[in-house]
């Protein structure tokens, strides 16, 4: 009963109703339009396959998740570091930023083959690509955030004799945090997607590889199951993040 | 200038016109300094640096080809490259336009139909984190190896951000201005057309910018699942033949398309919502 | 002579002139019905046609809530009613009948100054060309000639307020509600705007209800001044301003003015003491 009340409070009831309608529509469409199995499988079939393949999928998801999170951390750190350097050494920004923008104008997926050739089919290529994708988002957001600090406040610190590094640490970095956190929030789901796409073109392990293999073997149910479990993992990751975000940033 | 007498002012103006009195750096100099500071100049500088670095450090072709090699390669396959560029562009634009229109409509619907917003929209938000590109395999199953399949991919990817941003924009309308308009007797459609939509437009543009980049990604990934012509196809072919130079040629082509598309939306943004930065 | 009962706003002058606006026992409560916050309580108000009435009161006393009710944006509680031209107005019916100017100019940044001025007319259904013509005629009077095709961002605060005022006057309704229109302006600009507003009002003869927290402004502008109590707000008293029109800015330092001001200050101080006391100061 308590759980039910909590659900209604969270506004979950309308959503659950929609999901039920969705399920009904799914099965209804199959029955009504005589949709063949390989186009739209029965939800029951998907459920069965999900449970029978659960080990396989869990392993694959673990691999993909570690690639995404690993690349995410690397990218975030690099992005923040480079942004800080750009703020400390002004000419650096003017020369590096156009390069960064140019590199970023290429859709991230176009870099997949290059990373595979450079780093091989193993997890390294996925880490590199995710780091690239995250790095840019964090870089742009961090730059924006670091520049937020008012010139008045900066001048005040300079009058205290603070060095540029000190100003960076004490004033600009804290001021940049909201922007950076925003960037991180955007980058996380993207990390998972980038890792999966990369795996689809070449990998030893990972959910993207399973999707690719299933497509090759014309195992459409397998494709559905893999895609759905990837989606589920993404959703769980996202919810976990929202929760962490709320706990950490309660002071905001 | 006001401190000078009339005659002195006239003399000064005459001098400026004849060039006898320098009013500052000449326009030629300003053009040059402007160019040197532009991103284009940095790119050219970077390309030159890249070129020399590959030669100086004897970087193997397999690792990183110099720009000269990339340009040469692009020239040799220019017909294919152009055809692929055109095809991918078509898929992207069609998907983007369709996805954005649908996205705007659904965003507007969610803004004005409370029940739908409460029941369906949370699912939309969650689905933004789903790896939609993974559905590429399924899309090809449904629509076959056609242009439509790629368009559907691009549509799917652009639909979500446009919906989310349109809704956000519409919900952010200043309540005081709504009150003002209502005090004039404005209702329903008038409120939407004269206040809500223009107010939301900057946020809608943000959604469109995200959508066009995602559309391009959707087209490319869609092509990986089956297509004969397109930048995604060329990418895959280059990967299988391990032709590094070709890979970079296609990457540069993708980059050009990406910037051009983004630039197009930015241009539209500047024409439509030029007032945003001021308010 | 002021009347001091919270309730009957009567004076010899008002009973002869027809009422433009009348509020009868208007209340507004918010929140939990069992223990509501009372924003406005027992307001009885009668404004004759063509008068310029100012309303003063402490912050948070419900002035803006009252205005929102008169403009039709909020409905008064069932205890009371609002009458316009002696016709009782059911909930929501007041929308579009009164010309309302809120505190902020609320101009639309994507519209030119001219198009901002005509927005109310557009809502009314007046064709744009016609509306623009009407507005253009008013620009010189409002000191904005030449700025028709500028955008609000390019104008100073005072100018934007004038555009908002023009918008308010263009919306031809007999009753104008002005909510502290000069509050954000500096003293010099404010003084100019006050004289200029009186000029315009004298020429166009509409009924004006004007909120301010500045007593000088209230006395200088008004034919009568209504004083509102702190929350829950009600009309504490009414003071007829007998000063001659047109009002000369020099009046502000005259003896007559000071007497009126002293009287009003006493009333207001009494109210402030009450609200301070309730805050435990």
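Here are a few things to note about the model shown:
We just call them A, B and C in the order they show up, numbering each chain from 1.
By definition in this document, contacts are C-beta pairs under 8 Å (C-beta built on N, C-alpha and C of every residue); 3 or more make two chains touch, one makes a residue touch a chain.
This is a predicted model, so every value here is computed, not measured.
Viewed as a network of touching protein chains, the structure reduces to a simple linear path. Central chain by Cα centroid: B, whose mean Cα position is closest to the mean of all protein Cα atoms. Set against the Cα centre of chain B, the chain with the most distant centre is C. Chain centres here are Cα means. That of chain B falls 49 Å from that of chain C. Note: centroid distance chain A to chain C, computed from Cα atoms, is 54 Å. The mean-CA centres of chain A and chain B are about 21 angstrom from one another, to the nearest whole unit. Those residues of chain B whose C-beta lies close enough to touch chain A in the complex are 37, 39, 42-43, 46, 62-63, 115, 118-120, 122-123, 126-135, 137-138, 141-142, 213, 216-217, 220-221, 224-225, 231-232, 235-236, 238-239, 242, 244, 247-248, 250-252, 254-255, 258-259, 262. Remark: chain B residues 174, 176-177, 179-186, 190, 194-195, 198, 273, 275-276, 278-279 touch chain C in the complex.
On the side of chain A, the complex with chain B involves touching residues 11, 14-15, 17-19, 38-39, 94-95, 98-99, 101-103, 105-114, 116-118, 188-189, 192-193, 196-197, 200-201, 207-208, 211, 214-215, 220, 223-224, 226-227, 230-231, 234-235, 237-238.
Chain C makes touch with chain B in their complex at residues 68, 71-73, 95-100, 102, 104, 106, 108-110, 119-120, 122-124, 151, 153, 171.
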